[in-house]
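Just below is one structure, and these are the notes that go with it.
Chain IDs A, B and C follow the sequence of writing; residue 1 opens each chain.
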Amino acid sequence: MANSITNRQIFFLLVMTLTTYTTIFLPKAMAETAGRSSMVPIMCSSVIFGVVSVIITKLNNTFPGKVFFDYSQEIAGRFFSYLIASYFMLYFIFVGVFLKLTFVNLMTSNFLPRTPRYEILLFGILLFAYAANKGVTNIARMFEIYGILFVLVTVVTCVFMLTEGTKFNVLPFFAPSDIEGYTEAMKELIVPFGGIEVLLIVPFTEKNKEAPKIAFLTLLFIGLFYVLIVESTIMILGINNTILLNDAFIEAIKITEAPVIERLDILYLTFGLSSLFCGMIIVFTAALEFACRIFSRVKRHIVVVAIGVILYILCLLALNIKDIEKLLEFFSFYLVIISSFLIPAAAFILAKVKKRTNIS
Amino acid sequence: MKKSGKIFLILVFTLCIPAFAAACADSKDIHEQSILMSICLDKKDDEIYYYAEIANITGSNKDEGKSSSADRKYIFYYSHGKTIHEARRKLYMQLERRAYYGAIRTLILTENFAKEHLVEYLYRLRTDELYRKKTMIVITTVDPEKLFKINNENDISVGFSIEEMLETLDEEGQSFTRTTSRMLENLSSSYTGFLIPCIGLRNNKNSLVGYSVVNGTTINGFIPVEDSKALVFLKTDKPRFFYTVPYKGNEFTIETSLKKRKIEPSYEDGNVSFDLKFDFEAKLLYGDKKTPYNFDDISNEGVTKILTEILKNEIKDAVLEAQKHFKCDYLQFDDEFRVKFPEEFESMDWQNEFPEASVNIDVKVVLSGSWMMDFETDVRK
Amino acid sequence: MLKRSDFEKIADSIKSKNLDITERSIPFHHGMVKLFYIMQLMDRAALVESVVKPLILHCSSAQEPINAQMTIDTIIFADDCRLESDISKIEEYILSGMAVALFSTDEEYIVINIKKIEHRMIPTPQLTYTIRGPQDCFTENIDVNLSLIRYRLKDKNIQIKKSEVGVRSKTIVAVIYIEDIANKTVVTEIQKRIESIDVDGIGESGELQSFLLNSKMQLFPNIGLIERSDMAFHSLIEGKVLVLVDGSGIALLAPKTFSEFFYSCDDRYDNKFFGLFMRLIRYAAIIFAFTVSSIYVAITSFHTDILPSDYAISLAEMRVNVPFNALMGALTIEFISELLREALLRVPKQIGPAVGIVGAIVIGQAAIAAEIFSPLLLIIASTSLLASFAIPDYTLINPFRILKFILLLFTGMLGFYGFTLFLTFILAQLVSLNSFGVPYLAPWAPFNFYDFKRSLIYSLTMDPKRPQYLSTKDRTRTKR
């Protein structure tokens, strides 16, 4: 079936969507709030978001062959369906701007300090538009390939970091004084775990019956992945350095050396770049899918171009605004709660109620 | 192809061409840059002196016998200014090509500089993207100009030489190094105290001469390398030294390596104490008199007892020196205490607690012959 | 019964067209039989022995007129002949190499197949050389090719569907598959595409291939080339569809996924672990051939930090007197490699070695001595060239040879960012391709463990099932 994906692809779709930027900025956030005891809030959050992913996948399974836009018309009526779709389109455009700005800043600080930002943006957006135009199925296949490479390289890098790091930096694993920071830590984890809502653009089939189980286990895996990244970063840098550095994970990799290749960060960033691209591609695709359904009479490639142009202009404007990332991060928190929790949960409850009403 | 597709492609190409043209901003071939191997900072007469050792890639294929600086493998430049930035800027004005910091092996600071600007420079390392993040930091007791001149005359890179020497000593269990990130972590913690290797010249060759003690944010002492065996036992994973033990007229040479080290902190009634337990493995190599030694169990016990005393005294002296003389926990006992008593550690002032902590040292030595040699038996007449 | 005037009219119309058609008239009792054929396409000895001589012998002694049916049944000795009555097709038959016998006393005529077209002996492989496998290859004659397939595959379910393509050339194209194995959708799709071809002539399988692609602008091949008959046999038995084109020594194979371009028959014939080793070498070879020049540019011009300091100094020393920057040097040396590759293809055999010497000494040695390129760049370019020859099916490396230059440009402008950007473009393109419904990157994406394992290490005893991504009717090859 067109636009359908396998369960394995669901795993990689979630991994690549959630972990792209989080890997770089999470260690600082965790070090600031939970200190050395980051494991606990991370795993708790992964369980909570695992439940969210089960809700979304079960919702998709209730309406096989349809995406959120299609079945929300059955649940909530045409008007609300268009409203929610518009919200999601704008939401994904917003997230796209946020991610692209972060991406451009990362490129400028680590790779290309003298290259004009508009240029980094331009080539990036061309790629994302091109890939998004290929559709969800093809993107999921791409994620399968990039996902395995990214996870492998990150795990190997973290293993190197663990062997070179100092154990005192991460000990004790659990300190009572860190407990008061757990609530704050879990609030910080809302944005890193946001992104499960991309499953709303994927139509499920009979092959995806196991998707809720897969999604839940994926979120647990992502939690463990985050723990590995945070602990290995703190092990190399120490808790205070991790708090002081924005892209602590990259800085930690720069200190780690492997045989032959002195700087692991270039190697990691090459594969990590592919994961950054994946995150932005899926966001672009999500915005595109919703936009195509809202403007169903307009040809797909015109919508692609329109979204690309809008994103580019918004990013260029945003680059000139001071502290724009903090502003976007502030709004992201609430938007993720609405998009990942509230809307899917409401839709799930409504769907169940309707199903019972229809049966009775 | 449809018309709209053609227009789109034309637009894309039109956008890409000027974008490509503007793109090469970050492209700079390696041979178009001055490759720095080491940097040395000194402070004299209220001015910062900035020394840079640069690889001479054009003149490295020299004939034997030529001694002009243009033909040497490494050349050093220096400049000075009121601040580090000013000194660096003046250095750039001397360079033919852009400076490349990614190959720097060692950062050398003189004691004068380190006393006032150590912290500033460590922070500069952290924030400056250009530096290689695993650069080694050392203190030098020698005038930098002399250090660079002597080394460069022999075509030795100071940066490479110091780094390789310290790494070799670390691998051999003769010394220890501390990474810059550990130093920065220390600086950011509530308590700061660590050691920095100190390099000097012996017979015109680079040599490790000792360790500078950093207490808080400044240097306040020096430990010569001859007195640093116990420090190595306390801070390295696989230290190994040779001891000469006198016993019944014979001077036995024993290879001693640390098998296990355990530092157990305890906290009772507001008193901090540490139990240090060391398990050494010793191998009897040879004596200075003719064999047979008839090295039986009683002899073994005797020599072991003497060696145990020697080791215990060395460790005890090292700890006492840290506590009483320098009043600085460069032995990193604070980490051990913090791991076990995190809450108590947060509420105490370690600077005052450490000198008062009681330390119990327990040393166990197991002496055996090396597997090749059997000193217990008689030789045939 | 054909009127004599019509009979003469037909004969005159054939002769008047200057088609180099030979006419042999044999009179019989109150009638005439005229034999039309093209001498160059005829087995003249067989024509005389099987047709002319028996006809003359009979006609000279017969007391009654003869007709076409009688002639087929009792007079001529040809094994492949049939009766036809459509007058409009006479010229077509003659031009396709048949002999046509027209009877003045009969509306029907005989079409006799005693073609003899000059063709080569069965050659040894030129494109897909093998150490251990059979050495017989296809030739330009479709009948010879069919005979090579038939003697290996004696299955009663084998289907050979012939059709003519090209209004003027009327090239015979044969679609071959095994009925109870091949995926019906694939077969139907291929046949549909062949039938929809509207062109005046097809000379070679490559021209037919361009009509079978998914899109006119497609760069990556989704159809394989088969030169050897044993490879054709293996492909058919796996469930694939083979297309033979008369006049071409290369057959087409569909569907073909990206990973299958790395398979060689030697992998089947040799030890399976050696086969695994060689496949891994080939995968590494294509990655190397495609990316190594760009990685060199990225490291030399953008990210020198990745190298240890001593390597950085040696690299700088090697490049210190080189006038070009890394990008220009890499582009130039890659261009020279392509020139060399193209020249070696076209050069006559007698001066081939000389070109090799020129390439090695002049370009290699002299360029380094003149400090135009650094030695490392030359090593990289030549190893990259060598690696590109490690792929068994050369059609896969062709798109990468083009894309390599674009990748170099991207990397030269934007470093590893540009490198990864362009690789992602290519990957996005590859994942969206399909070969007659089969995903192009199967079995990697969508991932299937059995097929993935099979793509690395293959043995008939270990892997009794056919590739699952082909969705064949019969899934297993053995009864186990």
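We adopt the following convention: contacts are C-beta pairs under 8 Å (C-beta built on N, C-alpha and C of every residue); 3 or more make two chains touch, one makes a residue touch a chain.
Remember, it's a predicted structure, so these values are computed and weren't measured experimentally.
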Checklist outcome for this item: Farthest CA centroid from chain A: chain C
Item to check | Chain ID, smallest distance between chain and overall C-alpha centroids | outcome: A
Checklist entry - Which whole number of Å gives the spacing of the CA centres of chain A and chain C? => result 46
Checklist outcome for this item: Rounded to the nearest Å, the gap between Cα centres of chain A and chain B is 41
Checklist entry - In whole angstrom, what separates the CA-based centres of chain B and chain C? => result 65
Next on the checklist: Quick check: what residues of chain B touch more than one other chain, meaning two or more?
Outcome noted: 23, 26, 102, 132
Checklist entry - In chain A, which residues are in touch with two or more of the other chains? => result 111-112, 115, 123, 262-263
Checklist outcome for this item: Touching at least 2 other chains, the residues of chain C are 302, 305, 309, 414-415, 418
Item to check | Touching residues on chain B, where the partner in the complex is chain A | outcome: 4-5, 8, 12, 15-16, 19, 22-23, 25-26, 102, 126, 129, 132-134, 179, 181-182, 184-185, 188-189, 332, 335-336, 338-340, 342-343, 346
Checklist entry - Which part of chain A faces chain B closely enough to touch in the complex? => result 109-116, 119, 122-123, 126, 166, 168-169, 171-172, 175-177, 236-241, 243-245, 251, 254-255, 257, 262-263, 299, 301-302, 305
Item to check | chain A-touching residues of chain C, taken from the complex the two chains share | outcome: 302-303, 305-309, 414-421, 423-425, 427-428, 431-432, 439, 441, 444-447
Checklist entry - Any idea which chain A residues touch chain C in the complex? => result 6, 8-9, 107, 111-112, 115, 120, 123-124, 127, 130-131, 134-135, 138-139, 141-142, 144-146, 260-263, 266-267, 269-270, 273-274, 277
Item to check | Contact footprint of chain C on chain B as seen in their complex | outcome: 1, 20, 23-24, 26-31, 33, 35, 37, 55, 57-58, 60, 100, 102-105, 132, 159-160
